[in-house]
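Paired with chain B in one complex and with chain C in the other, chain A is shared by the two complexes that follow.
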Partner chain A sequence: MKIRPRKTPPTADARDRSIKNIPDTKLPVALSEKMQLLKPYIEKNYDIITHSFYLEGNPRLEAVAVYINQVIDIEILNLHILKPLMLNCDREDLLTSGSHTLIETIYKTSITASRIAKIANLSSLVQTIFDGITILMFDGLDDVLAIDIHGGKSRNIDVPPAEQTMRGSREGFIERVDVNIALIRRRLRDPNLVVEKTLVGRRTRTEVAILYIDDIADPQIVQKVKDRINQMDIDGIVASGYVEQFIEDDPSSLFPQVYSSERPDKLVPYLLEGRVVIIVDNTPLALAVPALFVQFLQAPEDYYERTLFSSYIRLMRYVAWIVAVSLPASYIALLSYQPELLPYDLLISFSKARVAVPFPVVVEALIMEIIIQLVIEAGLRLPQQIGQTVGVVSGIILGQAAITAKLASPIVILIISVSVICTYALPASSLVLSTRIIRLPMMMLAASFGLFGLSFGAIIFLTHLVSLESMGVPYFSPLAPTRFSDLKDTFIRTFMWKMNKRPVSIPSHNPQRQGNTGEEND
Partner chain B sequence: MKDKTSSTITSKQLIFVIIGSQIGAGIFALPRMVSGKAGEDAWISVVLGAIIPFLSVFLIERLGRRMPQMGFTQMALGLFGKNVGSVLIILFIAYVLLFESLVVRSFAEIANLYLLPKTPLAVVLLFITISIVYIGSKGVRVLARLNEILFYFGVLLLFILIIPVGQADYTNILPVGEAGLKGIARGALTTAYSFAGTEVLLVFYSLVNKQEEVLKAGLIAVCITTLLYLAMVITCLLVFGVNNLQRILWPGLMLLKVSQVPVLERLEFIFLVFWMGMGARPAVNMGFAASLSLSQLLKIDEKKYNTYALMFIALAIYILALLPHNLLSVFKLWDYAGYGFLIIGLGYPLLYHLAAFMRGGKMLV
Partner chain C sequence: MFRRCVLLILLGIQLVMLAGCWDYRDVNRIDFPLAAAYDLHEVGLRALRDEANQEQLIDLAVILPNLAQNATLKFRIEKTTGVTVGNARGQKPYTSTGTYSPGATGIIIVGEDLAGTGLNNIFQALFRGALSPSIQNFAISEGRGDGILEAPVEDYLSMADYLKGILQKSERRGFIPATTLHNFEVWQGPGKNPIMPLIKQKNKKAEVTGTAIFKKDRMIGKANLTETRSLMLLRGIKATGNVAFTIKRNGIILDRGSVDASNKRKVKVERNGDDINFLIIVMLEGNLIEHQFGKLFTENENLQQMIESQIASDVKKDCYKFISKMQQEYRIDCIDISKYAVARWGKELEDKVDQEFIENVNIEVEVKMKLKNTGELT
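== the complex of A and B ==
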């Protein structure tokens, strides 16, 4: 297996380069000196608010709160931190007993401020402010308090638009990493569920959470995920897609090797199977590794609906994928090289439909394919109402016009449309993308070498699929290497009470999933 | 640790690698070739012919067990010294080149006959050569996995072939023993040539992670191949009869003409499209074995340069495959390749055993 050469992990020094130009000086005692030191870093920023206030005593003790507007919860700051401090804290108490009392006081008087830390030097003070943490500075105390009261507006938990479901939970991830973790925690109350956080991106300092169940997940895979995330050396990430591209095994492959979803009820079963989930702040899409190819053809509804129907639908998806990849190519190959393979009557109706079209089959099919791809792309970013209009215009008017203008035969429009429909029958959007691409080389091969080209393409893609790995786990298992015990949840989905073992395709050190066996259930 | 797992295969995968090296396009011609010698008793010949590959697997396994940690080239150099050992390895590589060029050529001839009548043979061969290099460059684990999945495909396909057995005339294999011992024996030898591919074990033995299971895996592989050959030969005999068989170039493919399928006019096309992966498979496996031996012989870094060795091997196969004038000369050459199999599959392990016995465990290099 080929892994692109990874650079040696950046040292802590290199990772903190962005704040390195801030001197590591110890903070002075006097408030005015502290403000003087801090001033060059915050004075240009309109959104950083410095709020002076006084504590009781004689003379009154001057203090300053520094925070970023709309990033913290201003109500908590005012009601639960500043107000109690101003009313209950004496200057004398504070100066004699130091910052310990202060922390104590805030803990006791404020119900919401849960995480408080002390900061003693300038560089971490500046970084803490920009991390969105409220700072309290007091005259006469060298320690500065950092209180984590994140707040501000964010989107409500909503139905995930790209992954609708009939029977499952309607909750989708939002942009806040803590809320997303909570969505998973609420569904998985196992004390063994580990949530680790790291910061990625030198400048964006984005929170990335790594979730796994400690006594199920394979420690080697967990370590591999952590290592690859820690090796990311980038100045900024704004979406989980960045992380995906940095951690996947073969970045130049057409196939997705990291599963992404915005539904917590999809990821909880994956955690239970021993996978590792990665949640990136500011992205409603969480990632799950290791991913298997078959996983992209499975939907959570397969487990919510009854077994027979789920198995039927799952088989249909495999058919859909094969049709989506090979139907236009087969049409080209059959019509341009091996027409004798088709039944006589069918061939006649095909050629009658094509009689007025001046292009070879491949050109005709390619034109339609490209138009359809562009229509999809055009509809994607438009508002829903206009998007529908584009769909109708392209579907009815363009198609009809193309036929009347003798640019394409009805058959080719049918073939391309069927393959597009089949593409979108796939449940995972990342596989949809790769399917859209694969269709093109297959069409080219079919156009150049007929069915032989098709089968050459198939063997190359098969080899590629078999050679892929996701976090070192064979991507095409349970098909190759064949794991027979996993086949009961591959093409079909067997009865829930029969799936007593976790899938062996995903390494885990706790193979038993559930205790009851089929026999006991009778 | 990582190094070891990335370049080893399981004994289960070894089964598929051996089967994959044995079954190629030859299976379609086998019924004609065997029944030409043994007549109605061709099926007995197939069973008897399996003795030779069994023997070959057994001998190679014993050899590997004698020197478990040594690869094929190390063994040759260690037992026979640098000069003789190198010659032996080069002979092995030459055999692979000749043999696989025939495999590839027959396969390309079939593709040309059925799928691409107007495309030059050179182009078809080029595509097969590209697949050999591409698959081999992915390493032994991918090779094994691919063999595994293609095996299941292959068994499914062969089931399609056996469908016409319903229209068979069982008197076609009667009377038993008509060909006489001599005929059966000649047929058995012909079949034995079709079992060529067990010699891949010479190289793959050291790549298996559980070597104590190699013998079992090898025997299972030969058993499966025998069963598939037997099914093919019996079906062809029953459906066509001995006399008709002699006039059919690829009887195995002709079976597809017998059964009628509603939507598709001619089944053999579809069949061949799926067979494509399997036709090149022996060349992929053996080519990989040869390239591995070559890079070991030249003492170059296997991981880094195996692909280049493979390119060289594949190019040689490509050129050699283009040499025969027509299919008839290919069929004639098959017999020589059969002798080659006897030498490499049986003679080599015997020779090695002898040398190891004489040396008494001491190595030259």
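== the complex of A and C ==
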């Protein structure tokens, strides 16, 4: 299902679009002229540092290093670039070689940093500076050197706060795309792992890495991912969420169609199943496509723990999702329309609890739902310690106050609290958000039409789930369409040694995952 | 997109037709009766009705919980009178604020006078409507039903709670039949007749005193507790209850005790011309609860067999007594065996089975008792 019309692939890439206003002038030989050309682009930016120095020798060769403060690793600049050039550069030898090879001689003999490129025109020079690359310009040489020594201060690799596990790795992605790729590479030393990079955003020029295993991933899906990313025509992106919204199949759906995670150990198995991983610079959340609905109810622990426990916990998560979506709605429907379906004692208990509340059941439930959602939102925005306090205060005091003020009955507080707990028992944050929203229309349907409304809502959502696709792959698979072989890793997780085939729900051109038969070898 | 919109609109219309916010009922504005009692109208007892012919009226008494937190009493008893059960319910708005929801009633007590007139016409209101999903247990009261509801209870929230404990799944606690609305309807098929537990207010307390015997929907007799046990065993209602035994030899009591036994039955039917012979095999199985003379089973190998034989013999004797009473006094099949004959000779017996059938058949009983556990390692 394709809701949003997609454009044909753009004729120029993001880089071309972003630098089209800068003339493509060939750089002059004289350093002063180069600086003169560059001046209009950097003079208003105080974070761009120009550092003049001389290369060792007689006569000394004047040079300028241009870089952005705090974006590069200043220690590498000093130790591996400036120090060798200023102190250890054999100027006599350099002069004997022609100007054509002089620059090559400089970077091959005198600079110990790696990842060096030559730039010959102004537009590339300006863009490279703003990409955070260190530039070395020399007097008398028309080419300049671009040295990638990205660095500066960034967050250390840490435990992913929203996806903690008991037995899994404690490493989570950080904001640096290269570090994040390395975290995957360290776990997946397969030469077939392909890492492709592209730039997204005319102005932010954010690096986006596309990772897949060449001999497993379906080429059509890989191509589709690349096309959709390349079609992005946007000023800038600052998080992977931007990419997610551009590449998903049905942007108007409440359900996430792109899986996001900040755990490398979660994404490596996805790569091994034939999925494509997208890592966006400056975001600790990586994306994985195609995504299936059942995937959002699975957690890495499912594979770290033993089969029986994993299956039990996974089943609990399904129960939690159903409860989170339908418990308040069921409460409203039963108490408003079909109270006789409840056991008598429970019914009387509910009735007694509601005697003091002047509102209909739905208003009471909505008041508590909105309060709880606002408390959650406040908790997310506040510092961790204060957030916890707000949670406790709201849980105990607000709940008690609501009962005393006759805004809500104790039962509705219990119902909403249980549904919120069940919501946060879900392992995927994107499904948590969906569940929080889905609960509201379900409550309104139940309030308007009782159990019929609840059934109607369930049918609408199920029909929608069945019709969704992620990168062209049926989203509700392996349930609909039913892929029986994948059911062993859906509601339950079968024994590891029995999972010999990759999931058929994700197209791949190498279906065999492992060769275990469960039989002992002689 | 157009098709989807049309589909959604159609589904929406269908939904609106099925239910809607106009059906909303606030749960704390509904009167959920805990128990109800139906009686023939006692002339002059109520002043609410102004019909001239008060003999044909029915009194309805219900126990309703008081929901208010500061209410002095946990429950109240409301009484109305009407031409029918439904009409009696219809008088509720004159005396009560809540919307009445009869479907929640778990216990229905019927006065024996009313039960004697036939219940089907009266209970029409219970069968109709979609608001009766609960299991409703029936009992017949000796005397008026509302008297039972009004009896004081100290250890329970209300008499309804006490009756619920007594009547619901009662066959698991003793040889007491549990009759639901469903049973009452099903047991009126060809060759079948309902039974209901009989309760009575004794010493300001309600207790089970036996079984009410019905001919279709009309109560025709009563069975006491011993007869009720035989009735349950012969009828094949699986129950668990206590059976006492006394072993006597030459006028001397050798042992006395009781067992907790569960029952099963098998029925065989044979025909010899016009004579139909039934053989009911009652199988009892249970554990010894006590035996007073304390002799060890290891010391007396025959003791277990003696107990089993004694119980089988006692039960068999009681069963024959009940069968005799059934054939001579009740004259209906209240042990539910005619269905076996109907199953074999259906067309021939279908019309006769409810008319002078059971009193003319020969019924043999065989009782087998097995002590599973004596409490000793034998």
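Here is the rule we use: the second predicted complex is superposed on the first by the 485 of 522 C-alpha atoms of A that agree within 3 Å, B and C clash if a C-alpha of one lies under 4 Å from a C-alpha of the other, contacts with A are read in each partner's own complex, and residues count from 1 in each chain.
Definition applied: a residue touches a chain if its C-beta (ideal position, glycine included) is under 8 Å from a C-beta of that chain, and two chains touch if they have at least 3 such contacts.
Just so it is clear, the structure is predicted and the values come from calculations on it, not from any experiment.
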Inset, instruction - Using the superposition on chain A, decide if chain B and chain C clash or fit. - result: clash
Inset, instruction - Identify the partner contact of A:K352: answer first if only chain B is touched, second if only chain C is, both if each is, neither if none is. - result: second
Inset, instruction - Check whether A:T482 is in contact with chain B, with chain C, with both or with neither, and answer first, second, both or neither. - result: first
Inset, instruction - For A:G515, decide between first (touching chain B), second (touching chain C), both and neither. - result: neither
Inset, instruction - Determine, under the contact definition given at the top, whether A:P474 touches first (chain B), second (chain C), both, or neither. - result: first
Inset, instruction - Would you check which partner chain A:L454 touches, where first means chain B only, second means chain C only, and both and neither mean what they say? - result: first
Inset, instruction - Look at A:Y337 in the shared chain and tell me whether it touches chain B only, chain C only, both, or neither; answer first, second, both or neither. - result: both
Inset, instruction - Considering only touches as defined above, state whether A:P59 meets chain B (first), chain C (second), both or neither. - result: neither
Inset, instruction - May I ask you to decide whether A:P383 touches chain B, chain C, both, or neither, giving the answer as first, second, both or neither? - result: neither
Inset, instruction - Look at A:P191 in the shared chain and tell me whether it touches chain B only, chain C only, both, or neither; answer first, second, both or neither. - result: neither
Legend entry - Clash with chain C, by chain B stretch, listed 9-17, 117-125 or 153-161: 117-125
Legend entry - Overlap of the chain B and chain C footprints on chain A, listed as residue numbers: 337, 340-341, 344, 449-453, 456, 460
Legend entry - Residue ranges of chain B in contact with chain A within the complex: 6, 10, 13, 111, 115-116, 119, 123-124, 127, 131, 134-135, 138-139, 141-142, 144-146, 148-149, 152, 263-266, 269-270, 272-274, 276-277, 280
Legend entry - Sites on chain A touched by chain B in the complex: 1, 337-338, 340-344, 449-456, 458-460, 462-463, 466-467, 474, 476, 479-482
Inset, instruction - In the complex, go through chain A and note every residue touching chain C. - result: 335-337, 339-341, 344, 347-348, 350-352, 354-357, 360-361, 447-453, 456, 460
Inset, instruction - Write out the stretch or stretches of chain C touching chain A in their complex. - result: 11, 15-16, 18-21, 23-28, 30, 32, 34, 65, 67-69, 101, 103-104, 106, 131-134
